[in-house]
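Think of it as A, B and C in the order they're written, each chain with its own count starting at 1.
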């Protein structure tokens, strides 16, 4: 008798085994049923609602104002989203393990200012060196979070709330009133965020590569899939032998590295870096992940979804301006989107739970 | 091979000392005087004494007045927040509700409504906002962290839609001066009377009623709470109505104190409230915490804040101190627990039969 | 719902004791207040003895802002020259309406003689300033005014109308006298920016020279780099025929310049406003910006300090017609509504931008 795996696989679709249990082993399903099942599982993709929302938004805005998708307009959309995409990927990793990291804004600020200082102190450092230093700095900051969460066994919400304050304080203490402007950094560094490869902004390509790399890691490797287990049911994961402490620490470290990367890119794209850089970004990043289908209780959602969520949220700002809608509606709309995403997620998980209950009852 | 079975009789374990299955909790005086709340209160008193000595002009009624005026919004919201966190939920939208209330007050007052009606409608808005949160969390069953992140954005967004970038400032002077007035020459603001009443209300509700004790059970598990007699959904719903209404009160206070209604009023307040509540000994997991501890936590952060400002020390120090306090306050218990467990394990190991046998030659 | 009895009874007692302890603490807090009750009388008046004992505190909109730092530098120098014994700078790390109030309260309690403030919101700081005045402090507003009833004098960097006129003039020159323009400002409540914008709009409608120039939009970047950047983007998308942008705030003009210089609009859309020479230098050099204006911010703080001393030692009361010596800058007169002008604005372009370092 076929044993149906009771875990939900990362993309939220029910495993094929659950519905195949009624067949005799070894029998190939008919083609119609395969197509039907593919369509069905496509419709259940967690990323579908957010992608659909994005497409609808872009189409409606384009219809009202064709300039929205002019070459400059598209470039702006992609560039605006780049930094949040990278941050959302890191945050998704953390949330999937049933934690949260509220200190990302402060980490980005520290690394951005650090990059500015680096170019002051060592103006001839190669750009790749600046990236390396920034990401290393981010790694250290993320490691502190990771250590406190795993060793002290304290909820990540509290720890990262504390480090949000501490890192911001350090940023203020370090920077004071100093701000570094675009002129203080090498022209080549600043033009990184302007250069395009075949018309596609370079730094957005970097962001997409990051998304692909992390997504492959999550789906294709053992440690990656373990993260879902840790988020779904930490006790079961521990019994199963997954080294939770090590995995969670590495997740926070990775989030720190990504925040560092985002910080360096911020220094390249924007004019000034100072004490208040990155203030308040954390809630936008968490919102992007939630809207993108990452469940706040961990265990499901993908980094691709989080990336699309990030694109959606940044596009809303530009779309509202292009539509000449009062920008005051923007935050309210973001709030509605978050609530909608959670409700959809809840409905989907109720449906899946019912399906699994029914199929398991059938198996017995 | 079987010699060991017949030669020496097994030494009887020392039963004069019983070992508890788990480390014993403190009882009697130790429990009261060394409990988490008490420690917070000692730290607060110690800091007040230190500040009175180290910072000139700290010890005066003027301090009490300004400090309390500053601390009231945080104190107000921390009261129902304590109950919410004890049940294992959270509410991040409190500051946005306060901001929405403020924006409504401004718009309605500028439109010429009677001030009494303005206050009533603003309070009602807070109640409705809390009910909305409560509905989504208790009835629909959505995770409170995600829901309140969503309503944080939604309510702040509505505040922006309502009042835009404008600021309304010409509130009735009798009302604004009443809010900042003090009782006689003690320096205590008159509105503290209302705050103390609310604090007593929540304190009694949490610590001296079955409903309150049931909330602790709810923090551990839904089933435990149901067995204790709490209707879980109804309780959670009303708790969120509570945070919504009190946030509205805080918003009204804020508007009248600064005589300014703006969409960004009370922005960021939720993190301060949560930091103060956690500092006051409430566990983020739920099931532990007390009102006196939270009051001490709020006053501690407020006092440090005020003392640093008076001593003209930069806010930077304050931010780092708040963050470190927060982390220390949650890491320290974990460290103590680990220490206690290690001590207990050592005690157990020493009293086991093997220990008594330890010095005998191995067969 | 059955009443639950706590069998040991200890829980109740410990709670009650803890509550009592909390009340005891509050009483202790109040007691320290009563013990130090003698201080209330001293307030600020006690310190204002001989001119050599005076203290002055600057409260800018926000700390960690490069423009503010220059102003404060001038202020501290001026305070020393004017004869203040103690100079302090305090302020919030974020520019919000109510964040300045607790700093004002602390100054009231510390008995500072002169408070120099740049208000984030003209009214929110009012009640606190009134309390400070009741304690004997003199209030000087600078950079961004409060409601006139809350301060003794207001130090304005330039005549507000002149600032507005110069910016309109510059943009008209740069777009060739006709076309659509937009304004990218700071926060929507900022007193100074709003006043300049008001004069700009008046000038555009009344002056026949500008009849072909149309103001199509006013957007607010909240003095935040990222936000101003995105607002500049939005402007270009919403108004494809835009020919010029005026940004009367140093953060806004720098962010807009950065966007324009990295986009296809560089050179086709004119940008002017109020900017810091050090920030704007690369954009002048690469042609994004032709000419912009400002004043010497250090002079603003400098004059404010001398005005404060003049108020504190009684030589002026803030009435129209009062005059006082502003150190090296000479005599200054208090004009209508308590406003003191520092000087005329300066225009920066490729020829002279290297001469300045702020």
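We take it that a residue touches a chain if its C-beta (ideal position, glycine included) is under 8 Å from a C-beta of that chain, and two chains touch if they have at least 3 such contacts.
Just so you know, these numbers come straight off a predicted model, no measurement behind them.
At the far end from chain B, in terms of centres built from Cα atoms, lies C. If you compare A-C with B-C, the chain pair joined by more contacting C-beta pairs is B-C. Between chain A and chain B, the centres computed from C-alpha atoms are 30 Å apart.
Centroid to centroid, with C-alpha atoms defining each point, chain B and chain C lie 35 Å apart. Touching two or more other chains at once are residues 164-165, 314-316, 319 of chain B. Listed for chain A are residues 172, each touching two or more other chains.
Taken residue by residue, chain C touches two or more other chains at 63, 93, whereas all remaining positions touch fewer.
Across the complex, chain C is touched by residues 27-28, 31-32, 35, 37-38, 41, 44-45, 48, 52, 56-57, 59-64, 66, 70, 164-167, 169-170, 176-177, 180, 185-188, 203, 207-208, 210-211, 213, 228-230, 254, 257-260, 262, 264-265, 267, 290-293, 295-296, 299, 305-306, 309-310, 312, 314-316, 319 of chain B. Interface of chain B with chain A (complex): residues 90, 136, 140-143, 145-147, 149-158, 160-161, 164-165, 271, 274-275, 278, 284-285, 314-320, 322-324, 326-327, 330-331, 334-335. Against chain B, the residues of chain A that register as touching in their complex are 100, 148, 152-155, 157-159, 161-170, 172-173, 283, 286-287, 290, 295-297, 326, 328-339, 342-343, 346. By the touch criterion given at the top, residues 1-4, 10, 12-15, 17-19, 21-22, 25-26, 28-30, 32-37, 39-40, 63, 88, 90, 92-93, 96-98, 101-103, 105-106, 108-111, 121-124, 126-127, 147, 187-189, 220 of chain C touch chain B in their complex. Residues 63-66, 68-69, 93-94, 225-226, 229-231, 233-238, 240, 251, 254-255, 257-258, 262-265, 278-279, 281-282 of chain C are the ones that touch chain A when the two sit in their complex.
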